[in-house]
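What follows is a single structure, written as structure tokens, with notes after it.
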Amino acid sequence: MAGREITYTEAAREALTAAMERDPTIFVLGEGIGERGGNFNTTLGLYERFGPRRLRDTPICERGFVGLCAGAAMTGTRPVVDFMFIDFILDAVGELTNQIAKIQYMSSGRLKMPVLLRGCVGIGGGHATHHSGSYYPLFVNVPGFRVVVPTTPHDAKGLMATALRGDDPVLYLEHKSLLNIRGEVPEEDFQIPFGEARVCREGTDLTIVAVGPLVPRSLAAADALDAEGISVEVIDPRTLAPLDLDTILSSLRKTGKLLVADESFGPCGIGAEIGAQVMERGFDDLAAPVRRLNGVHTPTPYSLPLEAAVAPSADQVAAAVRELADE
Amino acid sequence: MTIPQDKLLSLYRTMVRIRRCENQLARSYAAGTITGACHTYVGEEAVATGVCAHLRDDDAVFSTHRGHGHALAKGVPPRELVAELFGRVTGCSGGRGGSMHLFSPEVGMMGTSGIVGPCILQAAGAGYSFQLRETDQVGVAFFGDGAVGNGAFHEGINLATIWDLPVLFVCENNMYATEVAFANSARNTDVAGRAAGYGLHADAVDGNDVVAVYEAAGAAVARAREGGGPSLIECRTYRTRPHAEGMRDGGYRTQEEIDSWKARDPITSFARALLDDGIAIPDELQVIDDEIAVEVQQAVDFATQSPWPDAETVADHVYGTDA
Amino acid sequence: MAIDVVMPRLGWTMEEGTLVEWLKASGESVQVGDILFTVESDKALNEVEAFDAGALHIPANAPTPGDSVPVGTVLGYLLAEGETPPERVPPPPRIAVKDVAVTAIPASSGAPPATDRGTPAISPRARRLARELGVDWEHLIGTGRTGRISEEDVRAAASAHSTAAETSEAERIPMSPTRQAIAGRLVTSHRDGAPVTLTADLDATALVELRQRARPRLGYNDYLIRFTATALERHPALNSSLHGDDILLHPGIHIGFAVDTEAGLLVPVVRDANRKSVEEIARESASLSGRALRGELARQEMTGGTFTITNLGADGIDAFTPIINPPQSAILGVGRIAQRPAVHEGEVVPRWLAVVSLTFDHRLVDGGPAARFLATLRELVESPVDLVA
């Protein structure tokens, strides 16, 4: 019997709903996530089910409600902050980095910080520069955060379920272009552990580690390259912190060549981190330098042709692969 | 005073404990045993004492850089405070926090912070938890006049008010933020008045009168516990030592001003009131003074003899759940 | 208990301060808040208040105004009524925090040792080089610390490979039994002994002139055999051999001399060279070398030697490191006699000079006796008239 197919948003919502059923201490804060069900339908139907205290609309004060959630997490509840656009998280950076990230450490583990911080990321649809960011490197770099980047409905559900069970603050970053993709998702509750990458496609000539929307674009490129005789392995890390380097190293041992494809900026991005770790731990498997394909290092422009020019496409992935395969 | 004698003496004891501890920490800082910054609470003891007298261990207090008094009043033993500032593993934060990161959740001390503002938001968050879980616990934030100009004051009070959260916001208005006079940071220095503008219950009291603080705090805590929502108490007080130990105190305030507030010392004026009203005799107060002197000396000895944290543990507790 | 009055920390980075002036005198009564003394730090003057009350007591060994001391240094005491004044202040404190051992933070872990891998590890750079030089690197053993094949390993393999390639076209000559025997003895000598070579520059001008005048003309080698025999008489330690743990000092002096033949290097022996005149030695050596070259030497004519001389002067060699003929304890190598500038009686003049190289086995012979042997030989060569008899 064919599995049931739902969208990425529906899958995440399923996980959230199941968790809120199971755990009465989970509540959601954000702008428009109450009765309206969220700008991106992240909480559609939950208000009717769980009421206004657990689906709480906020004023526009990200620092305020993120700081509030830090206090709530310390006193026995599990806040979910729904930023809508992750760009808005930047107003709360102080509360996130100086408070939320550090309190477990400062209290030697006597205080927990189970805060889920979710929002839509990324480029597409001409949203321009205040609504197209990703900003994950800050949260990967600062000790204390988990950073999760699901790319399929299945993973969206499993990773959300894990996030809502742990003690740590989790950045749950959902790319705009993935919200409506459909995929097979089990009906029952299940969890995907953090730190486990997924090999989406096996290959022998070259490895692509792809983040977010670059996963489907890399898969599309891989199909085209197959016809040209280049066999590409595609890995979706699924979580950037913790990062599953072992899977990447195993693949590199097989193929010898690695491309990291990520829409976010190159400097200090996950490609730089993977490159450094691969150099330290997989140096002898390298047949060629690690290559990165990133978005262009500019604020995101509005006009569609400009926007398209700053985000890597499937064609650009294929071109990068061809070059790397030749080395 | 309609407060029972044992409670009054307990208030006295707490204030003396804070004063004695803070003077000792000032000495230790001067001698180089404490590193970083040490913001002492000398002169403001009545505020922490009067408020925390109404709090249980499961009420949550969030404080700022000037938090030793709140920690002690909330129930952190002096030896854990001193050991923490001495950097020892027996400190309340295991040596990981120091003066500005005092954690003792076991007694509801949910952290002091080196950043101004977050405590207001976090106290509101505690209020949110207690409301959601339908308990009668209360969240309390202690902050200074310096926080009033910060966005967290506005956002935190606003959120607490619109959602009727069980929170007490205590503004310790000592007229200076570091060396910046409140009068230069705000056109309207009436903190209680400003808070009332949000629809919040707000009172201003003499922060050097422990009974006045006690009574105002009692009403606010009761209101919160009964679902009546948040309150703000502005306690007008003064710190008679510099902003932080080791900093010069001259230039931004006059010796006359400092002396005029020393004359209104919360402990000596309370002691006088207790004696005048026949609540206590000098010997009783002396016994308390002596007991506290011993307690603080023992705290210093304990701290001095305590081991340092093991460097092997330096990376522990970054995460709560192993990946 | 006396209360310490210390040098205070007056700034977040202050580590020491200068005591400028006491504003209270030793013995004076102090109230809480009184200004006790002034301190200079960071170019600013600070007044320091008393935390406590009491009678100020400044011991004799306390820091004095003008002294710069670390934060926390005891400057004096405040005493309660009737308290005994401490006689001394303690020395300045070392900051206890600095004594705490710090665990070094390990650098990020590197690659696992290359030798743990199933296949050899080669650096990307070395692999490129292997490609360029046509080296099959998979059979190489890496010399990197973790066993990784390096650029040097690839280069070494490349040159060994090219040498190997040459030998496949070379002419193949099997070793004769004689050569094999000689080879065996040389290796034994080299391996088992402790050879040391001393060289000495000899002024052979007198010998050259002597030989010029002599009739019949004799060979230099013959003179050297005779002089060596005399020197060995005077330095019997060089006329010895090792048998087990015993050093045998031979009574007879039998000197072998190396002859280069087609069959290899042969060493006929002049027996009792110390009892023969140079002419006698010359006649004998001519006979022996003739027969050596014709392959007619009897075996006993090549055994029993107690010392060997090998002369490469005719081949233009100046000095070399001869290998001892086991079981002998020394061998003398003789280089060419040639005219060279030398200082003679204070002037630089052309003289006939030669270098002799004495290799001795240090297991039996020490440097001192060997050097003295050479010194004697020098004397005999440089003043040869004594022996021509």
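Per-chain residue numbering starts at 1, and chain names A, B and C are given in the order in which the chains are listed.
Here is the rule we go by: a contact is a pair of C-beta atoms (placed from the backbone, for glycine too) under 8 Å apart; a residue touches a chain by one contact, two chains touch by 3 or more.
Since this is a predicted model, take the numbers as computed values, not measurements.
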Two chains sharing the most contacts, counting C-beta pairs only: A-B
Chain closest to the middle, measuring from C-alpha centroids that were averaged per chain: A
Chain centre separation (chain A, chain B; CA means) in Å: 41
Centre-of-Cα separation between chain C and chain A, whole angstrom: 63
Separation of mean Cα positions, chain C and chain B [Å, integer]: 73
For chain C, residues that touch 2 or more chains besides their own: none
Contact footprint of chain C on chain B as seen in their complex: 23, 26-27, 29-33, 35-37, 87, 244-248, 308, 311-312, 314
Residues on chain A engaged by chain B in the complex (per definition of touch): 24-25, 27, 53-54, 56, 58-59, 61, 63-77, 79, 94-95, 98-99, 103-114, 143-144, 146, 165-168, 193-195, 239, 242
Partner chain A, residues of chain B touching it in the complex: 60, 62, 93-94, 96-97, 101, 103, 105-106, 110-111, 113-115, 117-118, 120-133, 137, 139, 151-152, 154-156, 158-159, 162-163, 316-321, 323
Contact footprint of chain B on chain C as seen in their complex: 4, 6, 8-12, 14, 44, 46, 51, 70-72, 93, 95-97, 100-103
Footprint of chain C on chain A - complex, ascending: 277, 280-284, 286-288
